[in-house]
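Okay, so chain A shows up in both of these, paired with chain B first and chain C after.
The block that comes next holds the complex of A and B.
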């Protein structure tokens, strides 16, 4: 999946898109249909854009209210700019005890 | 006066000969020793929920010598608890969990004090109960109580050792940790400011849980309590531990160092989470209930009504009362199957999920809905005792 504006150069997306790893926990695993995956974003995409893209592709994310995303094992604010190769972890709440 | 006071202080954390023998394996540990053991003895820990997580937490805190352990839980033991709730035995079915748990740990360690609260933690009692303790261990099984425990701990200035489980995954963290500069570490609302939509995240009854996972995550939770109480090591403050039983992988996510979210008062957690958390408190005027005796009468009279079973397929296959199966997760998508003409009785195992279904449907349209009080379990106990219980 590619998000954001991009321009093919010599028939390929060069440098305009970057690939990040997505790791899903809890109910997010059910929503995206797997534990691990990859997504592509345009350069300088923020966490906000990642959340928008996820919600667009998987509308159930909307029901999670404000879900948090960790980048490379640290929680990040919505304004955080992601980089090529980042690992994004989606950790929805769980209530079982 | 002064001497008497000092004497009492010493006496409070004094370890008897028996206690020295009992905790001998702790004393040779580097950085632990007698001092840390005395700290455990003077610690007061409240365990909220004596279920899957509560079982290992309560057992290990008692064995380790936490001086005062409070246990709060309103439930009785049911057969489906025993796959993970290792505090209880087959012969304990239908008995009060807090009483059983207290007896069990008193027999493990007679040197500790145990307080039991046979009730839900709620807005009326939370602050009073939590104020009696130094540390809270949250092992509850629903979102409203998670937020209540968190907020009550933040308001009372208590550290909250949090753990929760789902299917094959667990989370552990230490919330509201007191930093050296007096500030507080992040808490539940810093990670989850708003609850998920009701019904989106299944509980253990609906989504299932691997029994041994409760043991692994619960002992991690007990470990964090023991670290806080004894002052050893680095607690999971400002960090969230994620455990995946299927890959045996543990990840630690760094949170902020300080809390960003203010909590000043308790709110209505049922409304906040948009759910009807338990049948006992479902006395609200907008929810009509029907007893199993009344349902039996309706059936015997041949009354024309619709019975909808909102449990899962495997539960329905195990045993059912002849209702139409629409699992809770599908109820809104299949709401056209719910009659607007007839009286509709919603049922599940205990009345909790059907209560949630009723609330959700009621907001959606004009139905004549009744919740079956006590659910399948009440029917199996009072009407048809030949039915299996689970």
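The block that comes next holds the complex of A and C.
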């Protein structure tokens, strides 16, 4: 799956994509059908776009109370711009304790 | 500097280990919270639970909770242990132990820890009933 507009280079829009590793836990694992996967995003994609792409591909994410994306073992704001090599983790509502 | 002991384990948790960790002559109060597996949810019998953790991040988030307990309530020693894997009725899911110079702070710090753990630490509970299973809190 590819998401985003890319960026202009030499006057043309050239789509530059990167592959990002995504892990899933809890109900997210059931929704995507596995614990680990990869998705492609444009270079300047944000967490918002990651969430939109996930919800488009797996509509069941819309039914959750909420879900967050953690990057490299920390919660990140929706405006965070993902980078090549980031480890993204889908965090459905937590329920420890 | 406070002493902090954070653990996530698939083996049964041990209350005396956490309690002993926070014993300290500088403290006037030790608070201990033990979360266990209840036999029903909204009247529906629970058969067992499964806890899954995103362990590296869960440890970091538990560490943050402990650091806040130290800062805000002058907690001297803090031990937070969480279980993963399959738990039977009555098994211990979580232990929080803390000691502070005065008793009020120990209660408050302990309450803060369990409430925040349930909000932020990436651990998920699946409840098994006789007729199926659900991920707790997943849906509104």
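The working rule: the second predicted complex is superposed on the first by the 81 of 97 C-alpha atoms of A that agree within 3 Å, B and C clash if a C-alpha of one lies under 4 Å from a C-alpha of the other, contacts with A are read in each partner's own complex, and residues count from 1 in each chain.
In the analysis below, a residue touches a chain if its C-beta (ideal position, glycine included) is under 8 Å from a C-beta of that chain, and two chains touch if they have at least 3 such contacts.
The model shown is predicted, which means the values in this text are computed figures rather than measured ones.
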Check whether A:25 is in contact with chain B, with chain C, with both or with neither, and answer first, second, both or neither.
-> both
Tell me which partner A:74 touches in the superposition: chain B (first), chain C (second), both or neither.
-> both
When the two structures are overlaid on chain A, which partner does A:64 contact: first (chain B), second (chain C), both, or neither?
-> both
Who does A:95 touch here: chain B (first), chain C (second), both, or neither?
-> both
Touching both chain B and chain C, residues of chain A = 25-27, 63-65, 70, 73-75, 89, 91-97
Write out the stretch or stretches of chain A touching chain C in their complex.
-> 23, 25-27, 30, 63-65, 70, 73-75, 89, 91-97
What part of chain B is in contact with chain A in the complex they form?
-> 49, 51-54, 138-143, 146, 163-166, 169, 171, 191-197, 200-204, 207, 209, 240, 242, 244, 251-256
Which residues of chain A touch chain B in their complex?
-> 25-27, 60, 63-66, 68, 70, 73-75, 89, 91-97
Where on chain C is chain A touching in the complex?
-> 35, 51-54, 56-58, 60, 82, 93-94, 114, 117-126, 135-140
